[in-house]
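Have a look at the structure that comes next, please.
Read from first to last, the chains carry the letters A, B, C and D; within each, the first residue is number 1.
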């Protein structure tokens, strides 16, 4: 169920195509699920950068006129979830600045764990900051005179930042795609009619008709200019183990995307099958909470032999503008999004597959709705382990205080949700569902093992307090 | 696949509830799939009517301030698909007029076959028309002095109109719900905390928490005042056989709605099962075109034993504002909405379940996308018969010239779509999937048998030509 | 000082010019002072009418795209002051309806005194009403079968309505301009490159570059078709004496307009001269309340020999959106519009020329501001008699209860406003300032002599109560 | 006549008033003439700064909700004329940044002549720039560690910048108002209920009801904190002669403002009187081009004895949205703004008073309009010398190539404008009209004597080329 966890960003870039800006617009449409609060595109004509950014969905921010004005053969785009109000269009990306070497645009997905300390350092040396985004920190690093002089200044700079980052960096003549040494966030490369394309998820390559080439490797920076494509490692793979965000598979990425070497839909089906093995139950029907439980429910049904059906219908028209009803209309915010199909439920023992439990509010409402619809038994199956720790690498979970599993046992949660049974997966189950070694994934939100050490006082709003 | 056929309207009304206006707002949200171009609410404080209407989705037309201004214990609402431009907010409903008896508001779903001739008659007697909606014709009938004098003026007036209509009529002191003698369009009645509720589909009752009581009968008018609820038949059931629109089950209504005595989702599953019986095929996977083929695909999979999977992922953010890409990006309008999950398709013999074929454009694009994704065989299964005739009762199909099945054999269509096999249902199959007698449904769009005779020159734009 | 009295409308029309729509747009700009709440244009291609209407200023309602869509060789336009909320775009004009003879568009300036009773009659005969505008009443009259059959149906219909009306009526093939027998509201005719132009005020002719030809006579209807221009009287001038609204000269019309045979600016200068004769005063400087007192102050200065200066500067950027300040910022709504030039005032005996006193609120604030600026004496001169009666012919004055002069003597008003002297004109003075005979003007708001009898219960909101 | 010369900015600030934000909103309304393209307010609660900025007029950028959110006892505001498109809300001010000392907001009116070179220096030392405004340069200077350590860091920083600047600088605990050593742009201080107020022009003090205290001296910085007001000179008056922008008196400032020790209205009247002395003419009427010629025309009339009248009426509703008419409607952009009052002009020898001639386009159109209106003679009088040089201190004149007086003699201009006589003032006349010594004013645009040396390659778009 959407709404309780938020990703910060989605990236798209293309170099060497006459329709680069329109293709970026389409690519952002495909990545809209990664950020709905602002969108931006920066393009280059080979000499200068132009950009447009705004609050809201891609379809609202861009008009045909704006796309036409930006029209150039190279472009990068960004969609973002922003934590603050409308006045903060400043925080929209790509961030476009000028420095000693000219213009540069930066689009970032992830969260730096040393962003705040770097900011303090730079401020101490006289820098000013106009946004609360990590991109601005990166821009300052790039502009530092001693860094500019390096043979490979961008790669050099990347060694100064720690944490999660997939980056697109654009100068008038080049486009660079880079990924942190742990490879927390996805970033892939494609090819379209001779042009090089980059995207957070492969679904965006599919939409524009680009061929998937490969992922950007953790610790790698790929540079495209009119002279061609050059790949370079700024951090050797031997030094640092990958730590792909396993939650991208469980929830964030689109099912039709291929990330970290697996297709998300297939991974979720495997999670569903494992759930059926770990927590078998005698039931009449398997249903999912759309859309996040859809893929896993297919796997659960296949493995258990219990028929799959559609117990909830999603309202496709619910947007940000829904006016909350009067006091007393309880569960309205869930019910406006999901309506139960009573014939599927009535008199049935129902297995409900969902991706995770954050606060438990949604699941409690759903349990109640199913009871009212006549379910004789309600069995909740979750395709992840209990969610106990915050994320410092780019996902906006509620604080630990609000995470129900951080403060309650599984049995307590079951009783709270008022379901007949509740089954989670283990971290090992997650590892068994993906094709790379288990220690190549980050599952800190489930086990507290943070692959990149974090400052004890760090919290997600650290930058906003400035 | 959405987009080629359009319903005209959705209705919601409630009498006797302090939050009538907010509940109507919620009800319209649940019915938004029935009309996305304008929305309106009219409410009564017992003495006068207030209303607000606007172009766009419910969530855009109404603000908290507007809902607050309208706040009254009785309300009716309407969502509409309008065929003309932004300047025609005039055509938005409910239509609110004053006449000799005071104010009246009318919300209409359907299409009158004698609307144009009635309009000519009234114009000949001096009436003026400001809109092209049937509601205005109905208002004129109601205002006619000889009609006003009748004991039951509204019921009397209803005998003058022919065709498809589900109606909500509001005066300062009463709310009337009526349905044409054939019962073309759905309309049901519910109860919420003592208040009487009406809605085009039961999903709207579910959302506001109302209990489903029953359908308004064909030829029945139900009146609610502060004195209670009175039902009256204005046309005896013996006289006219029902002619429920079977296409409501196939495509229009939401799967979680109960209409014409059946739950739409269950009906569609039966259609899917019948398809599997009529057109069996040896295949590896069943997929649906979301959302319209979703329910039927469940039935097809159950009956055939071929596993169900999700071959297409829908983009939830595609709205009206998508800027069509440059020339040469073919199939972009389909691809922006649906992305294929290649792992589900690659190397597979695929059964694709869809609800109907109108022009064939979408299905041809899908066939091509599946081939590119590596499907070894493509078998298209349609949960309706070939679509050969226009609808005069409220659905905006393309003209017969554009209906591919009106001009081509099934084999020709199969070749055009470039699929390995193509299977339709028959009208008899449709009848076998619903619980009422087959002759109680209208299937004119499939067989040309029009239950209410239509003027040979009638077409759907007849009113707009004025 | 603007803001306390409101005119209902401004009209512009042109027949036979390729740029008719754009010229109408410009004409409405010139007439914007006559109505700021809605605007509309209807155009004809010779076969059908197209129209667009919206809430707000002309510059907001129309875009280049809309003007392009409407582009046709004949057009009429309307600006309106509307008494009710945003949902009432229905009341925007031109009203466009279809009736037995086809389409007709009506734009109206004025107020019918028998509009409500005609409405009751038509309702009694079965008509419905969707707006509260007099235009709709006129449309019903035009559509009446017995009227249609007349040789000159429009002229025939005009004999049924009483009160103030300047009208533009457009059919696909013709444009008619008509004016009530008393000629309450102005309406003139011009010529531009062979096309016939109509406008409420001549300033609109000037703007589009049209030559002023003449006024439409009271009781005259001028029809333009592709066959040429035909003028016809529907009421003989011998029968009814003209009753031009003298307040158009005092306040409403633009100074650069020529109405009722006089240029407004010159008339106002004469009023100023008369004021100086009637109420001489020994003073140091004459200032005006911009913009309404500007012209008269020139005359007062010329006659009195007291130097004219600019004591107040108007803020050109104050629009509808000004957020009223917190409690305690008194007179802020006056001060935001007018700022005093202290050097002009300090230590001076000041004569202030304004057009009229309605509630007295503005003048009281101004008196206080002048005192604070250091004026040693304040002498208020008003270019009209005390305002004591409501207007039933199209001006939205406050009710008599709120008219300060209806309930107080001049001396009481002077004390209330805290000025050293206060001088009004008499109705005879008004007559002496215009070139037509005094009995050819309506001065009912000053003397209660209503040229067209009014129903005792009539008030300006009578239509809105339906 | 407005439209050909643009000022960059207006400033307002207040410290120590519970309604500081609303008063700033009002103050910006009064200063709207100094910049119409963006507006912004920053406020402080004593610990952090909040701000909101947007494109458009003050009345559009701010809503009651936004004012309420910003509500704090200290605020600064800014209106700006921006040279580039809607995407550049980044350039709106106040600029709010964080640096080593915390947050700071900067609002700037003027133009630095060393802004570009400072920017190059800072970039060379690693700084990044996100806007093209001088305010960002100032922020970088303030953030430099060696500057922070100074006893009076702001004053120290001001010694690094050269050119024209009136500045408001806000930190969470203080508000600083500063003015360049030449005092190019106005900036004054007032008092309201114990709070300290700053404004570009005194008309803003008047509007909020504040008492004018004094001007900020050239080379002075005034700091307000909760401990009180401290004034300090960062540049001794003996070192640098003032160079007040004489064009503020001629055109920019509002007539009701008091700047550089004189009231603008009175200065303009003196200019008008001098014009009458220098270029006497036998004529029948004096008219002004509203609004900029209004005050001077009063003086011309007084001195010459020729009656003053209103020959042009301004359309108050012309905004940015006017759709330019079709080809062939010549002079439409002038005529939509100004309509001639023919009775004032016809058969008359007319003196027209205007403030300056930039390109001559407007005056040529006016000459033509007057001829068409029947003027027998047209005598143009300009309250400034011929305009021959660009401004580097904050006014956006066209380039020298476009300045008609830079390339033509007075006689050539007269013939081009087709007027009977043309009279300018001299720089000495300007000096004679103001109360401070002539060498205390900058008249570089008339004589090319630039008080602060400028780099030969400097042009007004130098910052935008980055």
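Keep this in mind: contacts are C-beta pairs under 8 Å (C-beta built on N, C-alpha and C of every residue); 3 or more make two chains touch, one makes a residue touch a chain.
What you see is a predicted model, and the numbers here were worked out from it, not measured in a lab.
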Chains adjacent to chain A and to chain B under the stated definition are none
Geometric centre distance via CA averages, chain D-chain A, whole Å
48
State, to the nearest whole Å, the distance from the C-alpha centre of chain B to the C-alpha centre of chain D.
60
Between the Cα centroids of chain C and chain D the separation in whole angstrom comes to 37
Multi-chain touching residues of chain D, meaning two or more other chains, are none
Taking chains as nodes and touches as edges, what kind of graph is this: line, ring, star, complete or other?
ring
Can you name every pair of chains that touch?
A-B, A-D, B-C, C-D
Partner chain A, residues of chain D touching it in the complex
51-53, 66, 69, 87, 89-90, 95-100, 103, 123-130, 136, 139-140, 142-145, 466
Okay, in this complex, where on chain C does chain D touch?
19, 22-23, 25-26, 29-30, 32-33, 36, 57-60, 62-64, 67, 203, 206-207, 209, 254-256, 258, 263, 265-266, 269, 291, 294-295, 298, 301-302, 307-310, 312-313, 315-319, 321-323, 325-326, 329, 332, 335-336, 339-344
